[in-house]
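Heads up, the next two complexes both have subunit A, just with different partners, subunit B and then subunit C.
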Partner chain A sequence: MSERRCDVVVVGAGPAGLAAAVQASRAGAQVLLIDQSIRPGGQFWRHAAEEHDADPGRWHHGWSTYTALASELQAAVDAGDVEYLCGHHVVTAQQISPAQQIGSAQLQLTIQPVPELAAGARGLMTVRAPAVVLCPGAYDRQLPVPGWTLPGVMAAGGIQAFIKTQGVAPGRRAVLAGTGPFLLSAAASVLQAGGEVAAVCEAANLTGWVPRGAAAALVPSKGAEGAEYIRLLAKHRVPYLRRTAVTAIHGEHRAEAVTLSRLDSNGAVIEGKQRYLDDVDLVGLGWGFVPQSELVVQCGARTRVDVDGSLIGVVDVHQRSSVEGLYLAGEITGVAGATAAVVEGRIAGRAAAREAGYTTGGARQLAAAQRDKVLRVNHRAFAQAMHRAHPLPEGWESWMQQDTVVCRCEEVPYQRLKEAAQTLSAQEPRGLKGTTRTGMGWCQGRMCGTAASCVARRSGAEGAEESAVAVAKRPLAAPVRLADLAERDPSA
Partner chain B sequence: MSPVASSTSASDVLVIGSGAIGAAIAYYCTRRGLSVTVVDSGAVGSGTSSQCEGNLLVSDKEHGPELDLANYSLKLWQGELSEHSHLWEFENKGGIIVASQDSSMASLQRALRVQREHGIRVEEIDVAELKRYEPNVTDEAVGAAFYPDDSQVMPMLVTAHLMRMAAEAGARIWPYTEVTGFLRGGENVLGVTTTRGSFWADAVINAAGPWGGQVARLAGVNVPVEPRRGYVLVTEPMEPKVFRKVYAAEYIDNVGSSDGGLQSSPVVEGTPAGSILIGSSRERVGFDTTFNPQAVQQIAANAVKLFPFLAETRILRHYFGFRPYVPDHVPVIGPDPRAPGLWHACGHEGAGIGLSVGTGKIIAQAVAGEQTDLPLEDFTPARFDELSEASA
Partner chain C sequence: MSQTVTVTVDGEEITTEAGRTVAAALMLAAQRPAWRRTRFDHDRRGLFCGIGVCFDCLVTVNGEPALRACLIPAEEGMVIETSERGARGE
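Let's look at the complex of A and B:
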């Protein structure tokens, strides 16, 4: 088992991670950038499968930001200032105890090759560094709905990722449903890829935006992006239905139709206000995003529950967490999108380099840092306003059927969860897990965690944060072969 | 906001701890018509009971009161509780101890002779028979022993269903209610004070598992229960490849050991859900929750030796729990003469799930003034010294 040392380790090569790696390198730090994909960009700037794509930016926003970061990264890699380790998972992240500390390293990661990308490569590797910047990003937040296990039903983010890599839509006629501006972005992608969008269903009523307009005005680019989507949807005559949700998906072997329901002010289904929408072969569901928090929890950094219900890492103005040497940037500090992530990445990269002993003092750098400080605050304010305008509908359980599967890995139906919550004292997600196996399978609760937390909390649980941490507690961020665990150097 | 117990909250029995032991006590006490209140500092079963494997073993027991309690508990699981077996995935799968060296086979044979004299059902099996039971076990095996009575349950389901049945019979359960002190009348214990007010009871039962020592100290008595940390690895789900509970001969020595350092020996078993649980390690590190890569590494290495196919199997997660360890390895069960009104039911180390129902039943019998099925003297808390300054 091999070991590497460097000044700053950056985990994730999405918007935040790229910016952090480039910034830390500019300050003079030796950087190791680890990412699970084979090309930089993360989920947001996901690449086409075809290398020779003539216009790779056409599906993307902020592509010029990406190309600038990517070429600077490449230059730093060529100069030997950044080591870019692609196709690798970080499996564990820990503080190094004072007794085991050698030199200035404060944190230790174990990493392994992603098996699908690195045939033949195996084994765990240890990385130690004085400063680590975690930019793990987020994944689609899901709520179960009858029929959601049918082929043709995808996460909204999954649809967009498919289009970015394949250049075509994964279906002919789509319905996007859930909440948040990302539904518009996903719908736009389907239209651009030549697909049809039968409807975009937004569960919120959006009147919430009006009093918070001031916050939105701080980030004009967001307003412009939204307007662009609205124009595109209008051009294709796509109905944008507020206070509406897909409450059932129908089909024998795959999605063929959906039921749309009007929701009351609590987000519960209004009986008698249903509409059957036929000839739909693609359903995209998105209820916002869940930050990947397991590495933060493993490190023991302070966390809190954000306004959107996500567990996020607590950071100061320098993106510094409560753990010495650990910096967090991007969605993990609160879902706020790619532009905010780039700003936070820059701040974290500077601060991490400083922690490792590299300071940048020029007037231009100071001005840039100052600018980022302001941008960060504005983006945060915008994100908070957005989350408040797009809450998870409290009444979502009203569309569940007894047999609707909640945990897909372990095939646990809604009824069993309810029974466990009501009669088996399973009043928090951990209890539900122990009594029903919800969240014990392959995805380790990434898919069903939100729903399970809601079901448990509904039954009067306390300690919302404690249970959110319990859901995010994954001692291994990716599966590891037993042989690799067995070979792990015990002194590491 | 959180409800607060009214000043008139009184019951016959107050149980501290809602793990498997507390749940079994509540279950058997309500069956005797006693009024029961259970308090727990966290959620129901959120301590050791949700962080263990659910063993009902006779194979790792030596002659003595713990073996008697194991046999007695087994009779309850297979007898009066058998109508609920499906609820907690009771499986009488049998256990196999594998010896991979002639020397360990010799010690295993010595152990077998003693166990047999004390009524444990066990048969020595040769390699061919072993392979019939466990086709995927290591080719290094030189012999083995088969224990038909070893069984397995799903510990959280045991805890949750015993607690449900107790609640249906009137028990009141207070999660997130931490005991802060004891209500006293002179020497006598009359109840507890908690973060939600006071609870009065004729009998207060300390079923706090690895926290049992702390609870006892609050009452000014010495019950030297300490946490001993154990890791468990969980594999990806798969078709059944391990059919019994299989472990290596060294496990018995570890269970009986009092060493504070890290010890590990392989314990491998399949589950109805298809994942394989892999233990075991023991280390006395207090309630330290920092990850110990060495423990996980040793467990993995041992498991691969016992079942070579596991090398290519992926681990999805691992977890650890704190086993309530007592220096003499005998659970602490019964009234505490040093603080009349206080009872203990803790210190079962790694066997608490299996021994929960036996413990619960004899406690309930004693509290109700009945003759107990096993003599409580063997488990008495009076065997410990007074609380010394050092341990206070």
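Let's look at the complex of A and C:
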């Protein structure tokens, strides 16, 4: 097993990670940037290779911010100041105990080539560094619904990712459903890619959004982006239905139609207020995002439950976690979007470089750092207001059928989960795992975690935080094959 | 540079645009919305999360099983096998 050393390791090359790597490198630190994708950009700036899409910017907001970061990164790579390891995932992260410390390294990561991108060599590598910035981002949060395992039903973010890399929509006529402004951006992409959008269903009421207009004023770019989506939807006569959810998806071998239901103020289905929408071959579901907190939990850093119910890493004004040398930026500190992630990435990059012994002191740098401090506070305020306006519907279980699959991997139906939660001492997701296999499959609870912990909490006495930590506790951040583990050098 | 890529899907040759992922090639060129059958219910699955976290889209590529089709760039001559052989056109 090979071993590398550097001053600052940045995990994730999305908006937060790119900004962190560039900033730390500017300060003079030797940086290692690791990302599991083939190309930088993360979820937000996901794009096709240049030779396949001459104009990737058309799918994006803030694309010039991306190109500026990417070219600065490339220059630093060319100069030998940054090593960019794409197609590799970080599988474990931990603190180095004082007894094992050599030099100034405080943290240790295990990394591996992503099997899909590397035929052959799969050996694990260890990296040690005095400072690590984790920017692993998030994935779409899901709630189950009858028919959601049918082909043609996708995560809303998955539709977005498909369009951004393939240039076409993964279906002809779509319905987007769930909650959050992201549904609008996914719908806009479908339209832009030449698809039709039959409806966008927003579970929230959104009247609560108005008094929080002040928060939108804090981040004017967000307001402008939202207005642009609304205009595009209006132009294409796409209905934006509030307090409405897709409560069943129908089809023989794939999605063909959906049932839309009006929701009451508790987010539960109102009987008799259903509508059948035909001729739909693409359903995009998204209920906000779940930060990828496993590496943070593995390191033992302090976490808490955010207003949207996500488990997030706790940081100070320098994006420093409770663990020495560990910095966090982007969605992992609270889902707030790409612009906020860039700001946090810059702050974390500066602080991590400082931790590794590199200080930047010029007047311009100080002014920039000061500006970022203000921006960070504004973005956080905006995000909190947004989450309050788009809560998970308390009454979502009203649209479940006994046989609706909750855990897609292990095919655990709702009824089995509920019975286990009520009768067995399975009062938190880890207990439910053992008795029903919920969350034990390939995805390790990433798709069913929200629903499973919700069912568990309602039947038992588990607190939100315990439950969320249990879901995020994964010994490995990505699956590793036994053969590759065997290759591991036991002395390292 | 070639503008198309030819792969084999369950023994059948499929030509797709260059730059496709294996998942996109299956959906757009092979016209298959689903290509995996689940273990218990033999349910059809295809693309769900689209970013490598759900593992619904698993395929065998060049003999290597359980790879996420949404993450693999389709390459000339690739041999793709699914757990839904012959389900095309259903």
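Assume the second predicted complex is superposed on the first by the 488 of 492 C-alpha atoms of A that agree within 3 Å, B and C clash if a C-alpha of one lies under 4 Å from a C-alpha of the other, contacts with A are read in each partner's own complex, and residues count from 1 in each chain.
Here, contacts are C-beta pairs under 8 Å (C-beta built on N, C-alpha and C of every residue); 3 or more make two chains touch, one makes a residue touch a chain.
Not measured: the values here are computed from a predicted model.
Chemist: Looking at the overlay, what does A:L476 touch: subunit B (first), subunit C (second), both, or neither?
Modeler: The answer is first: A:L476 touches subunit B but not subunit C.
Chemist: Could you say whether A:L143 touches subunit B, subunit C, both of them, or neither, answering first, second, both or neither?
Modeler: neither
Chemist: With both complexes superposed on chain A, which partner does A:W442 reach: first (subunit B), second (subunit C), both or neither?
Modeler: Both partners, subunit B and subunit C.
Chemist: Using the touch definition from the top, say if A:G152 reaches subunit B (first), subunit C (second), both or neither.
Modeler: In the superposition, A:G152 touches subunit C alone.
Chemist: Which partner does A:A420 contact after superposing on A: first (subunit B), second (subunit C), both, neither?
Modeler: Touch status of A:A420: first partner only.
Chemist: Which partner does A:G434 contact after superposing on A: first (subunit B), second (subunit C), both, neither?
Modeler: In the superposition, A:G434 contacts subunit B only.
Chemist: Of the two partner chains, subunit B (first) and subunit C (second), which one does A:Q94 touch, if any: first, second, both, or neither?
Modeler: Only subunit B; A:Q94 stays clear of subunit C.
Chemist: Both subunit B and subunit C touch subunit A; at which residues?
Modeler: The overlap between the subunit B and subunit C interfaces on subunit A comprises residues 441-442.
Chemist: Quick check on the complex: what are the subunit A residues that touch subunit C?
Modeler: 36, 38, 43, 48-49, 51-53, 114-117, 119, 139-140, 149-155, 157-159, 161-162, 165-166, 168, 170, 253-254, 281, 405, 408-409, 411, 441-443, 446-447
Chemist: Which subunit B residues qualify as touching subunit A in the complex?
Modeler: It comes out as residues 2, 18, 43-46, 50, 155-157, 160-161, 163-164, 167, 173, 175-176, 233-237, 273, 275, 278, 290-291, 293-294, 296-298, 300-301, 303-304, 310-319.
Chemist: Subunit B touches which residues of subunit A in the complex?
Modeler: Going through subunit A, the ones touching subunit B are 92, 94, 97, 110, 298, 410, 420, 423-428, 430-431, 434-435, 437, 440-442, 444, 461-463, 474-476, 479-483, 485-488, 490, 492.
Chemist: Could you pull out which subunit C residues touch subunit A in their complex?
Modeler: So the residues of subunit C touching subunit A come out as 1, 17-21, 24, 27-28, 33-34, 38-41, 43-56, 58, 62, 64, 67-68, 70-73, 90.
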